[in-house]
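Shared chain: subunit A. Partners: subunit B in the first complex, subunit C in the second.
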Partner chain A sequence: MAEITPLRTAAETGLTKLFEATKMKYPTGVSIAREEAFRYFEAVGLPTRRVEAFKYTDLRTAFRDAAHPAEMPSSEIATAALAAAKGFSEIEAVRLNFVNGHLITEASDLGRIPAGITVTPLNEAMTKASPLLAHLTPVRQAAENPIYQLNTAFLADGAVITVAAGAKVETPIHLRFVGAGTEAFSTATRVLVVLEEGAEATILETHEGPDGVAYQPNDALDVVIGDHATFRHARLNAEGREAVALSTLSARLGAKSAIETVNVVVGAVLSRHQVYLNFAGADANAVVNGAAMLNGKQLADTTFLADHAATGGVSRELFKTVVDGAATGVFQGKIIVQQAAQQTDGKMMSACLILSDEGQMMNKPELEIFADDVACGHGATCGALDDDLLFYLMQRGLPKAEAESLLVQAFLGAAIEAVSHEGAREALIGSVEAWLKARG
Partner chain B sequence: MPAVQETIDRVRSIDLDQYKYGFETTIEMEKSEKGISEDVVRFISAKKGEPEWMLAWRLEAYKRWQTMKEPDWARVEYDKVDYKNIYYYAAPKRPAAMSLDEIDPEILKTYEKLGIPLREVEVLEGIAPERRVAVDAVFDSVSVATTFKAELSKAGVIFMPISEAIREYPDLVRKYLGSVVPVTDNFFATLNSAVFSDGSFVYIPPGVRCPMELSTYFRINERDTGQFERTLIIADKGSYVSYLEGCTAPKRDDNQLHAAVVELVALDDAEIKYSTVQNWYPGDNEGKGGIYNFVTKRGDCRGNNSKISWTQVETGSAITWKYPSCILRGDNSRGEFYSIAVSNGMQQVDSGTKMIHLGKNTTSRIISKGISAGRSQNTYRGLVSAHRKATGARNFTNCDSLLIGDQCGAHTVPYIESKNASAQFEHEATTSKISEDQMFYCQQRGLSNEEATALIVNGFVRDVLQQLPMEFAVEAQKLISISLEGSVG
Partner chain C sequence: MIEIKNLTVAIEDKQILNGLNLTVNDGEVAAIMGPNGSGKSTLSYVIAGKADYEVLDGEILLDGVDILEMSPDERAASGVFLAFQYPLEIPGVGTMTFLKATLNAQRRARGEGELSTPDFIRKVNGAAEKLEINKEMLRRALNVGFSGGEKKRMEILQMALLEPKFCVLDETDSGLDIDALRIVSEGVNALRAKGRSFLVITHYQRLLDYIVPDVVHVMSQGRIVKSGDKDLAKALEASGYAEYRTGEAA
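So, the complex of A and B:
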């Protein structure tokens, strides 16, 4: 029987038009990469539920139209948008401010970059065909992902950050992404972080935007972690209520390196955060956590892949989802242990609390193991708040709502605790409190 | 590490030729023409003396099947079956036997060799007459003998080849056939619906506890044939039945297809316990030959408080594609799945279950133990879902994998879909190798390497073995040790 090729949707046709129309002049290598990425996307199209990796998140339906890539905002708009941004603003950090996917150099701390770090706007790196761009796409599997390829094809701006060998940078770099506008727009940003041997750095990320505008951010963070280097990362998705937000973190881990990444989701009507880890060097260590608080018709998808290619890798993943209203939580996780990756130790846990009758949670935790001397496990739980615990708290005089809040906070807190940076941790816990308060 | 090297050596020396049921019976067979066509479907239907509605049902399935595509989502790789190049029907030439004495002695010998009692007397006069098992023996495409029919019918239990049931109890068959696994369900089930030739039919009337274990032994004998059996078990209100299934096949260089459909229906307060010991020929060391086991098994807990329990011990087959499932439709119904899947050599197993919670306060439990050795791939694939109205649904899943040797793979692909807050799902999975501490402990106490492994593996699969009826438990334990023989370091 012949394969059925689905008709191209308005969004797909629109993307093709936009790609041709917004093509910018870059040196050949960059242009070719973008062209290839788009051809890849064009061939597979927007994934539907029939595509296994998108079984629970139908992008074909989510993208009715292809929104026009946002242009560099005027300085008034940028200033106003940045003034309104709240995420992590209390934290002492070096800020790179992006409005509608464009780095606002005059509003960023490019002048006070700590020693050991270099920051180049991505646009500049692309125009000059910086050799650092060779570090892009550090994980093979990400290149087989239409979201990531779409990001490559439409890349407008971002940053290339390098941390010199042995540099241990205390001050975090805050990547602040703010959307502004009253009509739908799309953004595509990429930040590449290269940590040389023994380097240490903390990257904080916040994503905010207007409620009531169906904008489409697509951001990617590529990280190359050298041997003995440490990368810490906390990310807050506080996008507008109508946003369709796609994001990808892909990291290659060198020998004895470490990554810590925590993603907290409160915003966007549909969000999908993809994490790809490649354990390229031996004895690398990864902590990947997530906390999502959902209500209304929100859908938050966390898709995680750990590819253990070297021995002695340790990975710990903890994903917590709280579902209220008619929201949907999705977790897809996969640990691959290649034959060479003996002594891998992987534990992946997804836990979900459903607070409403209409809430739902889809879990798909996978293990794919080709080595025998490993200890791998995954767990998934799903259920309502424990009545006994509620009763216990209420018996001690807490009103029901407060008792519920306390339990939810403790539940999500377990995932957020892993954030090493104290300020970021507190701010993320603050976002849980704010969410609970809004819930009433 | 020296232990690993030793393991590799042992794995290399695995000899799958230990498959002891690999002999072939020479017997005159009657076959349909090679390949599949409307004529072949008609031929099978005519052979079985089927009523018109049954033929129409088959033809409808055949029409549908032609539009379908073989599924490729499972984690198995194999040379695709050439559906035009196999026989869909093969039966011993002798006319249908009325009594055991009329059965071809060669077939009787075959079952004797397999250790399956077809003679009631022997069993009756046996040492333990209280543990009797009624047997339906299916040889290629037909059922050759069914024992204890008379005694069972006294209790009102119907146990007979499905081809006979279609003639004798058409209303019952028509009501339930295809009601659990619809004709259009999947590629293999649809093919089976078109060309199934035999299998067992069981009906337990209301309130009856089936007086003995029922069992079917499937044997593929003829070359180039596919076996397409169909089993239908109906447990009426308040009844209970325990059913066992066993399978073997001769050793051959080419692959043979086994595409069965099993449907279970449990009405109010009824319970069905279905146990399988699957020991089809797994192919040789290099992955040559062996059975393709593409089976659709599904139970429907249609009534309130009903229960269906699947227990499987899978040691055979080159490729296994099998997901015995439960649809928990009735309120308070319960589904269970206990599985041990052992793979060795070049075997590939993709097996698991689906627990679909539809009724209120339904519960399910999944215990799956996968053991992979040699160069085999062993995948657990399962779905647990609770629908919006399935309030109070509970599931507990535990799937553990054990890897023996570093050339094999163990995978888990669970889907857990919860669509209401009161559903409570727990899932845990682990993958490990036999811990050196445990081995050391056992060896220190004087057990050899192999004995220690056997002991630990037995402990690993204990939860599942406990669920098997006694005779099967012993057999299964032996099977597991045989199929792992030589694979442990």
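So, the complex of A and C:
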């Protein structure tokens, strides 16, 4: 019987052409990894709604064309773009500045990296075939994901950050990603963070870009958290209004390690943030939160997977979505507890507040449990603002819009409170206030 | 101060208030007593402007101005305050944040300047101390984890800070122990002043031992059926509502 080959879309054909044309000359290992990733991707193509993991986020429709990978920008363009970037700019941090997916070394703080940390541009690490690259792709399930595969295939730049054993670094490292341009472009960046035993570090991430340009960023953050190490992470998606923004955080957790990650979404017409956690060592702890504020025709998808492979893992997930206009929120979360992962304690919650008639939210929480001594739960809620609460606030003198804002802020605040870094927490709350103010 | 004329109100096609007439004079404390289902809470919600009710007829004049067309926040800025029977918990909204937002919203609506943070804190601390509200309570989210008595004291704190003209207390005594009842009542009594009137809704005469009313009205079937002085409350306590209950469900 003849094999059925699905019709390839213009974007898929375009991606193949771009991949062939932009193949870069790296040492064999890197080239093979990129080639493999692309061949895997090519065999399946852009996922449609018929693929369960993309049921609510149709990438085939979102990607009508494959945008050309952005070149290294001129220093004038880079300087102007970075000067306009606002996210987390008030925070005292060591900055790695990326414009159109390329690390702008002269505009970054490579000369004042705190003790205990090393930073190597990914390009350099790839060219020199750094042994650290063996740490890439720390979670198996991510490698099977088409978004992550595309990131690997088109990988252009990024950074490799190591935190030495026992180093407790106070100053956060700010990965600032800025897009610049007037025509569609794509980027693929990867940042690898390796925390050795007992290390502690905070990574902040901001993503910004021009409104009115359908650019396509694809960013991945790979994190290897050693035993007793702690990784803290706050991320702000303030991409331009037409951006189709894909991102993946994959982390492997060592014994008694901890991860705290909070992703706040205000930007992009379509965004999908994927989080893959592998509880490889016993007694690891994870806090994974998200807050999304959507309006117009925005769609924001949060896809989460926790794979508990060792005993005593604790995970807490809280995702809050506020939907206005004709926007759509998507949450897909799955906790896998392998047979060996006894005493796992996992709680996953997704809550949505719908402020408009046309807004919608898709929640798909799942548990897959093979161990018998576990405490796992999930919940999902969806609703409008409580009329009684609004009346109470208005009776005390707050005009309706102000009363609504206070309640929305309180709703999202619960997810943002988990950010340990005070400056980042305040800046993220500020992004909620700005969103509410713009809503009027 | 407040004049309610021929107020006729329905909720989901059921008429609750049937041409109610009531006047509360400047500086007066008026108590409303009545059996369950007589429309006391409906009256308080309609005065405050809750959306669920349909006003079929009548008017509510505050200093001669009809407030029925005003939104709840406009009524609040005009001086209407409702102390809720069941104050709501608002997770995630800090008590101080809430107090400051409401106080400044009302000041803005009246064209007054916003309070500075030190002035605001001084004002809150002074009022809170009188109501035995400690700083720990002020640090929590509004009413979250508060006992029934603490919630009612928080209502009176808001009343003290907002300095309204017309205060409606909807069964403020429900769920209070003797000590809390005393604290709340003292809080209310301290606010009695010229230029401020109270409508105290209660089932029991006990509250009126602490907040002694100038007038007592009996409400039944959605209208005021009898009025008298504070002794009327005592008489009701002795005789019950039987003579007013005719035709009511509960």
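Assume the second predicted complex is superposed on the first by the 435 of 440 C-alpha atoms of A that agree within 3 Å, B and C clash if a C-alpha of one lies under 4 Å from a C-alpha of the other, contacts with A are read in each partner's own complex, and residues count from 1 in each chain.
Basically, a residue touches a chain if its C-beta (ideal position, glycine included) is under 8 Å from a C-beta of that chain, and two chains touch if they have at least 3 such contacts.
Here the structure is a predicted model, which is why all the values come from computation and not from measurement.
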Just subunit B (first), just subunit C (second), both, or neither: which does A:C352 touch?
first
One more residue to check, A:V432. First (subunit B), second (subunit C), both or neither?
neither
Who contacts more of subunit A, subunit B or subunit C?
B
Pick one for A:L406: touches subunit B only (first), subunit C only (second), both, or neither.
second
Now for A:M361: first (subunit B), second (subunit C), both, or neither, which partner does it touch?
first
Applying the document's definition of touch, where does A:F370 land relative to subunit B and subunit C: first, second, both, or neither?
first
Of the partners subunit B and subunit C, which touch A:D388 in the superposed model: first, second, both, neither?
second
Seen from subunit A, its contact residues with subunit B in the complex are 1, 52, 339, 342, 352, 354-384
For subunit B, which residues are in contact with subunit A within the complex?
1, 4, 7, 67-69, 73, 388, 401, 403-433
Name, in rising order, each residue of subunit C that touches subunit A in their complex.
48-51, 71-73, 75-77, 80-82, 84, 87-88, 90-93, 97-98, 101-103, 105-106, 109, 141, 158, 162
For the subunit A and subunit C complex, residues of the former touching the latter:
387-389, 391-400, 402-403, 406-407, 409-411, 413-414
